[in-house]
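You will see chain A twice below: alongside chain B first, and alongside chain C after that.
Coming up: the complex of A and B.
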């Protein structure tokens, strides 16, 4: 369904307003930072630019909710598709962006690293993530992936004088390039086979009977490897703990949510639009060889089932032995990716809805946890180990309560969003008959609750071993944390509203053709 | 039904009590005692409101009563569905009855982190009441899991030396069991959907779902595991002694008095009626494990040097009776079992409170530290002896009725099990009386005990209702039983294989039609 699209500003605003706002604002803020505000005090400048960034992202968010949510069309000669599915993930990403910016304002003040690049890079990364989710063209997807990644590589090295921050950036950069190369190579293979990089065209060409060919499977494997790298799925997860631990806490929170949301959004789109067995039953006349399509699911499903299981087990098991809370959360975010993968594996309505719901609530709880983490950390590397957390519950009741709430949500206990999200993805795989996988997966969740609870008992049940000075709770952080906490509880008690929205969003994926 | 949502009031009133406590500072002694009073008054109000359930409850109706049904997550057929029948009715009253007593008992025992403690207690009460009232299997699961968090804190923050180990063990044992149950809940729901086309988590709809035999057995096994851990049945009882010994007195009372009943209640409400074939398949195993639990619990209790641990192991033995009574599947057995759940809540709760009273004075629970204290604390000794007799099951006390009915039912169904279980009664008398003898009689051997104060007025106030209950339930069992008969009949007909359990009367409100009409 290509729209007859004549170039007009009005039209452009309508279809790409969200992206444009971010991009233009990022460029303008660079100029402002360079030329207009040279004289003013650094702290003040950073916080002005920070709040400006919040306003910009908010504007983009409003545009997406008001305009792009209503669209169902493929634009820019088949490069981007504007439909509810992309809009949902874009909303998630922008929400993560707002939270990360708010934390960033406080972080920059508490750590006295008053440089406004943080916000500019953040805007570029957000732009990349959004473009990646909205594109239906593998090449555009790659470009967006790189825009996002390069910005985040720099963000990881944000603490210039901290060696671990530098190490994290280099490690992430080298391995990230490797992952992107895989993705690009897969794209090239598919282009060679089909003569197109557009997802729905590829599906149409392949359906003539090419699915059985090994090259297609190799291409699919390459694309999966590239995206699994960004999603931190085992066995492409090795970089995660080091990078998450080394980067500044707020950047880690941003990485763990925005990049994951972007990569999951793109991956689910590729799998559903191009390689889904559901296509065989979509009734579209272009799909000649129904059987070929249906059998393709068998290949990737086995791979995804195995990776999901490994991811859940390794993520949770290794997290148990971590002494550093940030590193523990890194492994926990690996485990969460495993749960989300279950929803993709199920490949039914409930599964896709579950993934969307999970991404949304994961964003809230994970960013919330990293937000508290940076506050407890005070000045960077002040309090990071479990031992440092001992007895904080009574000295800093608000910090600790919020930490406990987010961790309980991550552990998947009711009445929090984490429980409902896990419920949805497990429901979707059980519906498809994966009983054993579900049972094993849910056992890993019990392992998970062990290490989440360990942080909680450190907070509340141990006496402090040394004095810890937590960072000041700034206005911006307070706003973000309250929003995340209320969201986590609201989505855990009254999940229906967001579930309906996610359901509507996932049902539009079929319109992409 | 246009009456007030009584069950919702009862369930969420304790939670309302949390809100004022949040705004009281616990820095001063006045603030701390204000917090205590707020939570005590809240829990007493909850008890009074819950008495209205007694008025509204008709013992001649087998169906669920005081039903509240609102759709909650309509896209998955999940509803907010509450109701009581003759089985859950008394357990709800037991909960609202024991909570104020427990709160009163902590007046001086909890000195640090007072606010957090009472918040945990009130949240716990909400979760427990919700678990007993829920008729939607998802809602039940939510309350069941929420319950873990405050209990984890109560054991872990205010407990004894190895409290963290005990808290984590308690949490993980329960969590592993219940997570597996969640998988099977979802599986059951999808089997039901395949058969009827309706996706629902409503318990009254799910009763009578026919499953392939193998799934029936598997699902029952995982439900049974989750509940058996909670009961606790031998051999998954090992978390219990740890949790009891480390928990503060109040934690032990709630744990023994109410939380353990959730396991047996889960069998009655969920595992057995949902999977009658699976239940029949495992009957021999469960009867065997129950009898082992009865004897093992009693034997291990006998050799404990620590009074609290002794009472904890006696719980394993008593709950063995409850499980045996359920699985002999006749009127006497099941009613006796439910009666025994209430008895155990009251007698064992009282025993833990009594142990707490001397622990507060002497800070030790070792039997060898005491001896001859009947002379120094005569009132205390009297109360303790009454409770002991109730725990042993002497006629005129409540314990007798429960054990007698269970053994009567067991003789009808399985003579060997009954004979073996009856030996547990004798063992029970031995370990309890021996302990009483060593603690209370003879000469005062330990000079530290010479200055022990007898029970205070406050302690008498909270022990008295329990003592009254012991005799009331022992002398007038029919007052309690008459509300159960019809519900127990229905339960037995649901579980017995010979009956056609598909033709059971459904709940008055047809769940699916209601949900769907709202959905449109």
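Coming up: the complex of A and C.
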């Protein structure tokens, strides 16, 4: 069937144009960097490259929205597919990329690190994340995962003089490689069992009576473990708090959103296309006769339910005891992954829609929060503890207001995007009959709001302990923060539009097969 | 008794190697040895892919091995660079001493 996809440049541009733009631009910017940055330690030139990067990602984003989103069917090009589902996550990832680049321009100025590698590595990481979501082939998925990860390992080590940054990078590197080895082992097993690594061909072979063989379950478990490492799901989350705390704040925001979006996108695709009962009633007539993978759900749903519950509880409970706001946000992002997992567990239309909606709004609020965090910080690790946040509300009203807004959204309080996202995922699991799980999830969300609101309490109701000098709000950061803040409020007050878009996106997933 | 080597032998062997990699990664404390354990895990997968490729008379498996080599090489290049840059700060490769970041 591979021969159906004869190579054509036009076809490649049609479905993977966004990737091509990023890849070529990254290579060109390396050359531009060589000439521009020759002997300068001047932050101006770094920010020129930063704005260039913004323009490039914007071009890729426009291409995806104008061309790839408009595709009316699933289009394949060997290992990649493009349909609305992939397009939605690609748009989310590119949006995160633009925000992270804008924050990066300001961060480089505030911290006096005159390195434009940040932007180049960011482009490669974005490329990897997008390729991962678009691929319909486990090997390509692995390679894309590694392209993304290797770029982010270097980004984590970005502050060369800071021991914490190096420590975070080595921890992330070791556990990241360990995790992807599991993914690869699962891939190899599936290749041996089915003779292919293409997601839908695997499903076809498995459906002919071999889907309950223990080897298949081992392979599925291995692939899940590998992706759970990247998604920071308990019990594969040990690296997350250390890495998020040690990495530069802008990189942490990038990691917490782009890698999660990429890994969640790939995971949902694998589960739905290869291992899911959902295909059996997707509406395409072929599935009824050929496929019945429903009984596999018994195995992976139990695992996902347990991990989601653990993730929500551990993420939220440990966050309560954190003194460092950055580390607290790391635990909170673990908890958010747990909520998103609920949508995958439900495995119905609402659940998948909820995951997409959650990913989009999580990207806005999490990057927004890290964007304010680096501004309050001034230079890295200048003011990160709860004590430092005391009484900032009056001295820095804009920083504090934005921080409060993003934290309220993360706590899941109306009228913000966080509330609506949690609402959708909980609704989807209740519809599938997981009442206890939903109740416990809402309980953890209540625990969560304690530590989010505590930061706001510190900002506005306490007297300052020491003099804090916040970083300067640069134009780029201001643009990004305003965009994120408006997005968070808009999605909280008028969710229908994005919900419809997400609904349309998830409905195409069934046709990737 | 038939003593020929079957596909099962290869799968068992590579699973054992993969398991040794995991054990090494979990028990050893030297960052370089952790690297080597991860490499062992990747290479056990390579062995399995080549065996499956031969078993199914499909060259795709062997092509995958080449990709995995490239990925492993990139990983090591970046990993060693990060380790050296951390070594300049801490003067050791014992992962127990990388404890500036931890819950306490």
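Throughout what follows, the second predicted complex is superposed on the first by the 479 of 513 C-alpha atoms of A that agree within 3 Å, B and C clash if a C-alpha of one lies under 4 Å from a C-alpha of the other, contacts with A are read in each partner's own complex, and residues count from 1 in each chain.
Basically, a residue touches a chain if its C-beta (ideal position, glycine included) is under 8 Å from a C-beta of that chain, and two chains touch if they have at least 3 such contacts.
Since this is a predicted model, take the numbers as computed values, not measurements.
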item	value
Partner chain(s) touched by A:374 [first = chain B, second = chain C, both, neither]	neither
Which of chain B and chain C A:167 touches, first, second, both or neither	second
Touched partner set for A:500, first chain B, second chain C, both or neither	first
Which superposed partner A:69 touches (first chain B, second chain C, both, neither)	neither
Which of chain B and chain C A:201 touches, first, second, both or neither	neither
First (chain B), second (chain C), both or neither touched by A:177	second
A:419 touches, of chain B and chain C: first, second, both or neither?	first
First, second, both or neither for A:275, with chain B first and chain C second	neither
Of all residues in chain C, those that touch chain A in their complex	7, 11, 18, 21, 25, 31, 34-35, 38, 41-42, 44-45, 48-49, 51-52, 55-56, 58, 60-61, 64, 67-68, 71, 74-75, 78-79, 81-83, 85-86, 89-90, 95, 98, 100-103
Contacting residues of chain A [partner chain B, same complex]	394, 408, 413-415, 419, 423, 426-427, 430-431, 435, 438-439, 442-443, 445-446, 449-450, 453-454, 457, 460-462, 495-496, 499-500, 503
Touching residues (chain side chain A, partner chain C) in the complex	139, 142-143, 146, 150, 153-154, 157, 160, 163-164, 166-171, 173-174, 177-178, 181, 184-185, 187-189, 191-192, 195-197, 241-242, 245-246, 318
Contact set on chain B toward chain A in their complex	72-76, 113, 116, 141-142, 145-146, 148-149, 152-153, 156-157, 163-164, 167-168, 171-172, 175-176, 179-180, 182-183, 186-187, 190
